[in-house]
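Heads up, the thing below is written out as structure tokens.
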Amino acid sequence: MTLFSALVVSVVFASGTFLLLQRDLLRTVVGIVLISNSATLFIVSAGLTRGAAPIYPLPEDGGVSDPLVQGMALTALIIGFAVAALLLAMVYRLYATHGTVDAEEISDAEMREAEALERADDPEKEEVPTEEQEPEEEEARAR
Amino acid sequence: MTGAVLLVLPIGIPWLLAAVLALADGRRRWVGLLAAAGLGASLVSLGFLASAVLREGAVEVVSGGWPIGVGISLRADALGVTFAAVSVGVILVSTLYEISLGVRWRVFPALVLLVAAGLNGLFLTGDAFNFYVFFEVSMTASFVLAGYREEDYQVRAAFLFAVINLLGSVVFLIGIAALYSITGSLDMETISRRAEGLEPSSVIVIAAVIFAAFCLKLGLFPFHFWLPAVYVGSHAPVAAILSGSLANIGSYGILRFGAGVLPRELELGSVAVMALGAASIVYGGLQAISRRDTSEVMAYSAIGQVGYILLAVGVGAPVGYAAAILYSVVNSLNKGVVFLAAGLRGPLVGGAFAVGAFSIAGVPPAAGFVGKIAVFKAAIAANPTFASLALVALIFAGSALSFLYSFQVYQRRFVKPDPRAPDKPSPRAARLLVAALAALVVLLGLWPEPLVYLSEAAAAVLTGGSG
Amino acid sequence: MDVAWVPSWEVRLALSLDGLAALYALLATGIGFAVLVYSSRYLPLHLEHEGRPGSDAPRFYFFVLLFMGSMVGLAMAQDLILVFVFWDLTSIASYYLIGYDGHKGESRASALMALLVTGITAVLLLVGALLLYAEHGTFSVPELARMVEPGPLLTAAGFLIVVAGLAKSAQAPLHFWLPRAMAAPTPVSAYLHSAAMVAAGVLLIGRVYPLLQKSEPLLDALLVFGIASMAVGGVLALTRDALKQLLAYSTIAQYGFVVTMYGLGGPYGAGGAAYYVIVHAIAKSALFLTAGAVTEATGQDRLSKLGGLRGSMPLLAVSSGLAAATLTSLPLTLGFFADEFFFAAALERGPVLVGLAVASAATTLAYTWRFWSGLFLGEVRAVARRIPRLLIAPVVALGATGLIGGFFTGPFEGLAEAAGEVSLAAPTPLDATYHPEILPEYVMAAGAYALGTVFILTRPVWTRAALGVSKLGKIAGPERVYGLVVHRLNLFSDFVHRLEIRNLRGRVAAVLLPTAVLVGASVLATPTSGAYHVGPLRVEEAPLILVMLAVAVAAITTTFTRRHVTLALVLSSAGFALAVAYAFYGAPSVTLVAVLVETLLTVLLVATLKLIPYEVLHRQAELPLARTRRDVFVSVAAGAFAFVVVWGALSQPPAGQTVAEDHVRLAPQAQAKNVVTAILADFRGLDTLGEITVIALVLLGVGTLLGGVRPEALPADSGPPGTSGSTRPAARAVTQEVARLLYLPTLVVAAAILVKGFVQTGDGFSAGVVGALGVLLRYLAFGHEEAKRLPPVRHATAIAFSGLLVALGVAAFPLFAGEAVLTHSPPPGTEPVHLGTLELMTAVLFDFGVFLLVFGFAVGASSFFARASEASGAWGDGPR
């Protein structure tokens, strides 16, 4: 079970990261949701005891499942959901301003702006002193 | 006031105030000023807390009055208080700065208050999972803040910032859950005690992912690729908050979780830590040299500067940790000054930026030289001798690069007459604020003892706590 | 004065006016005074000439005074860190003074060069000081002088300090910044050369000389650099045309003399060096001020354009002649003895040094003559205007000092002896009197005069050679190296910048791969035997295993699903499968929330899909799924590190007691039947507070990003017609009726979940979501137009934040009772008051706050999306 849980968690995590690497921003959000889910699954499966739900009256025979990981999982789950909602709003906003949900096209916009900035001036040369153009005395007198 | 109340105030004041002000229109001046007053109150209470901590040692409260571990323990020690005070200070100045320029968002005051509340929370908690929660509070607030002013590139930067940092958060969360899974506790001190008894092989992997998450936050090479776009895109006070306050999560986290909770694993990985720090110093410095935009230079500079912190952490021992803390504090202030100054025009601004630049380059009397001394001290103390030599040489090379990039951009932006520049200077209040922050940097350079003392006290917390 | 400054580091504010300090402090203030007097006339002319406002003047005086103050401080500092501070202060002052004409590119470049050379080498001084501190535990120079022993450490630390000193004193090969620094206004040049900045370098050497002289290699190094500087400076001074350039190279040579004397050592070395500094300061500042006065009078700053000014400026000619004579050590001037001491020191080291000394002195004579004669003798090349008398007076005073000093050497001798004694840590008796007999020094002096005269007379013979040296320097000299390094660094920086990853996908990969490498490295670094366990797969866990398999399959399916709607469905099926898995894990509370969250998320995802025109999405869906090898590799690496961490953690259950057991045990005391609820509302209520704050933040963020205006601010009839419920097809009527019917009941169910939370599964979060579902249903049925009139929709944000306030209030209230934050009442063990089935306790109130917030969030966020969709409909299909 240990190995199996670890495998499932990492498969979900890897799938999420694969989606993060796609150009489609919506897939990026889905990827974030998936990796959050993998973390939640890991938290729950990291429970140190397994058994019935930790609700009183407690079962007399066996133990209850670890309540602390459940608390943590709930918190993580909700935080993950909330930020996913925020990301969705951002994606929409990006679409509204860029007219696309393609990460590459949006990166291109960033690159264009950056290059415009780089082209704007070529400053470093002037901070290096120019070659000394001063004529030597003899030459100066000769002229 | 008892320690228990003092401990809650820095977190509670901005938090409550944020909940109230979220409904008010933050573009009104009084709302902003109220938020600033809340931040100021938080800072003052941190001051009292600091003096209590330095006098009587760590202050601890367990929420709900439960036993340690059952409830969440809030624990203020010199380390946490130091980081909290600096971070809130930078946020306070940035907020006042934005008020003087005119706030554009209704929610801006609430957001900065929540960034502060979250940061104070994570600096003052003694519970690993609670750290994650506060971390998410401040991060979520900053995700929104990064889009402040809603220019195209700002929304873009905010999205990038959010996605990359969420990835980091999840990685960190996995690390925290794993810590619980192997120790059965979320209380940092308990984790530390129990982890000591475990085989290093099972702990070090967890330490590695937690470390990676903090490197990401810190913007360390090669985890930094998100950082320039975000810092450059953000509006000046937001950039100052991101680099001067939020980045502290990374250095604090590495110190707290590395040196405080998992010192053995940190020592095992010290070579990797130092290698990353070294790479960051060189890479950030090189990138910064020829960047055109002032903020972009300083963004890459930030990447280089955090490298020193890592070097010092890698050296370890009180001298290394003290150096890392001192450098983080000074670096926060520097970044606050330069990013804020980069957003303004007019008299005083150039001077303030110059103070920041001198501080980054480590030229007295700006406080940066104190940090540089501390880092050099740590490097000289490193073992073996050739490592020490290499570190000293590296720090020297790094500071040479910082001289070059800081002053190239300073001259280009502030000395060279710019025919395209609008003549209208920025509001005087904003300029005075930046000048005041710069004056603080100079003051700390002229009288560095408080900083040095605080950093050594904070380092003692780490080394004392881990035996 | 000696007080603690940074006691933690044993850094002391140690200032003492010893002999060395007295000498340099006098120079800094004395010459400084002359320079200030001169500037009071010069600066207005300069500013006028540059077309700058008079308001720029205070800046100048500020930095000159800072310069002066930091020189005095540097002279008196006895602590190496303090020395470093004052040292860099002089660099800052000189940086601003050299770059005073910031509108000129040349000026900026020169200032930067001076700062880089002196600032970066100053770091070496710091490193040297710290090396000594690491060994001896003090920064105090006198204490160090007592402690240090010759050895590699002293040599290394001393060498670093010496390099800093040499760079500041513009010694070869770090001399190149000084001629450039002539971009500064002339009074600054005068000050910089004679009594500040450049003098600071030899001051430092004099200060740490007690340490340096214990190491032979260091003294030899001083000798080598000093002689090299004498040669380079001397030869190049013979070639320069610009007045200030000539003087700059002469300064390099003259400080070469001083450094050489320190290298020679002994009483005449150390004491003589101090004496030489005095002489040079007086003479050189006079010559600079002369150059400034001449330029001001004629508008020319080159020897080739000047000449014959003796007629029009006689007083200046005589005064600067005296200064020149002092500089060249002619008898009857103060300078005479400077060379005598130099020769005396050289005599102790054999014929080679004697020869070099004579040659150097002769060169000095040659270029000083060239300067003075070029200005005042020969044919008249430029017309001199009248200039303010205050531009000449300082030169007169300084020239007179040089002459008078030749007769009354006492005070100068005394100063130098006191300074030398500090450096040498032994008395340095100097004998500055004329002797009737022929001393070897006199012979050397005579030789130098003779040789100098020969140099002057044979000028055409060697000019070519000297120019050749100058050309060589320009092609391969250190300045060229500096320029190349700076230039190449800029180019290289551009090059690495092009390698920066600047797209989202690359940036994501750049996080995952290094993490994987770190994890991999840490696996390799430690023995792994016994760290991982496979764990048995038991038959009774078959349902869980099957569900987990479903999760994995659904997750993998997302990677090749093309259509967005399908993707949303696959994602939610993964989520629901996870929820089921949680149930099998014995976590019904998590299951409940997971189901609700998944539902809400699906709604929001679909809402977003609806917001974006089909074509845009379609284009994405049609893209070949970039299953490039890189993506697969990165995600497999990411999966691998996650796998290692997760497997490792799951394989090592803790040996000791876990805190969860305490939670189970203590839950009844928290008045809760459901342990998870007790954790959320009580034990770890702080986490819940943070969590709901994140939700509140997201609500703020969504609201801001999706319009920036809150719903209630929107006029009720602003929506375009056609989206309101009234025009929908009649088939909707049933749905609408159902929605209306269900609206209140959902709120009741929500209330039930909230109240029962402490007893059974359920909590404020679930209650909030369920309550919001009722509102969402109205949305689906009626559309935004109708739904936005509902009170919960209009006040969603207010509801959410009042919820946050309630929760925060519950958390903070116990503080007033002197209890820990989040202490609930009634206290553990007491029976709460019942109001029907409702238990009156603060934990329930806390949960109520959570409920309000989540409800407000779910309603608010949905309405923001709905309004955006309405607005985008109004805009048409295209982007704004």
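In order of appearance the chains are A, B and C, and numbering begins at 1 in each one.
FYI, contacts are C-beta pairs under 8 Å (C-beta built on N, C-alpha and C of every residue); 3 or more make two chains touch, one makes a residue touch a chain.
Since this is a predicted model, take the numbers as computed values, not measurements.
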item	value
Farthest chain relative to subunit B (centres taken as mean CA coordinates)	A
Pair sharing more residue contacts (C-beta pairs) when A-B is set against A-C	A-C
Chain centre separation in whole Å, for subunit C relative to subunit B (CA means)	14
Mean-CA-position distance for subunit B and subunit A (Å)	20
Between subunit C and subunit A, distance of the C-alpha-averaged centres to the nearest whole Å	27
Subunit A: positions in contact with at least two other chains	17, 20, 28, 38, 42, 46, 48, 68-69, 72, 75, 79, 82-83, 86, 90-91, 93, 97-98, 106, 110, 118, 124, 127
For subunit B, residues that touch 2 or more chains besides their own	129, 133, 136, 140, 143-144, 147, 150, 155, 163, 167, 174, 177-178, 181, 184, 186, 229, 289-290, 408, 411
Shared-contact residues (touching 2 or more other chains) in subunit C	105, 108, 112, 486, 490, 494, 497, 502, 504, 508, 512, 642, 646, 649-651, 653-654, 658-660, 663, 683-684, 687, 690-691, 694, 697-698, 701, 705
Subunit C to subunit B touching residues, read off their complex	5-9, 81, 84-85, 88-89, 91-92, 99, 102-103, 105, 108, 111-112, 115-116, 119-120, 122-124, 126-127, 130-131, 133-134, 486, 489-494, 496-497, 500-502, 504, 506-508, 510-512, 514-515, 518-519, 521-523, 525-528, 530-531, 641-642, 644-646, 648-660, 662-663, 666, 682-687, 690-691, 693-694, 696-698, 700-701, 703-705, 708, 710, 797-798, 801, 804-805, 808, 811-812, 815, 818-824
Complex interface listing, subunit B residues touching subunit C	2, 4-5, 8, 12, 15-16, 19-20, 22-23, 61-67, 69-72, 74, 105-107, 110-111, 114, 117-118, 121, 125, 129-130, 133-134, 136-137, 140-141, 143-144, 147, 150, 155, 160, 163-164, 167-168, 171, 174-175, 177-179, 181-187, 190, 194, 197-202, 204-209, 211-212, 215-216, 222-223, 225-226, 228-229, 268-269, 272, 283, 286-291, 358, 361-365, 369, 372-373, 376-377, 380-381, 392, 396, 399-401, 403-404, 407-408, 411, 415-417, 447-449, 452-453, 456
Touch list for subunit B against partner subunit A, complex	129, 132-133, 136, 140, 143-144, 147, 150, 152-153, 155-156, 158-159, 162-163, 166-167, 170, 173-174, 177-178, 180-181, 184, 186, 229, 289-290, 292-293, 296, 408, 411-412
Touch list for subunit A against partner subunit B, complex	17, 20, 25, 28, 32, 35-36, 38-39, 42-43, 46, 48, 68-69, 72, 75-76, 79-80, 82-83, 86-87, 90-91, 93-94, 97-98, 106, 109-110, 113, 117-118, 120-121, 123-124, 127
For the subunit A and subunit C complex, residues of the former touching the latter	1-24, 26-30, 33-34, 37-38, 40-42, 44-58, 64-75, 77-79, 81-86, 88-93, 95-104, 106-107, 110-111, 114, 118, 124-132, 134-138, 140-141
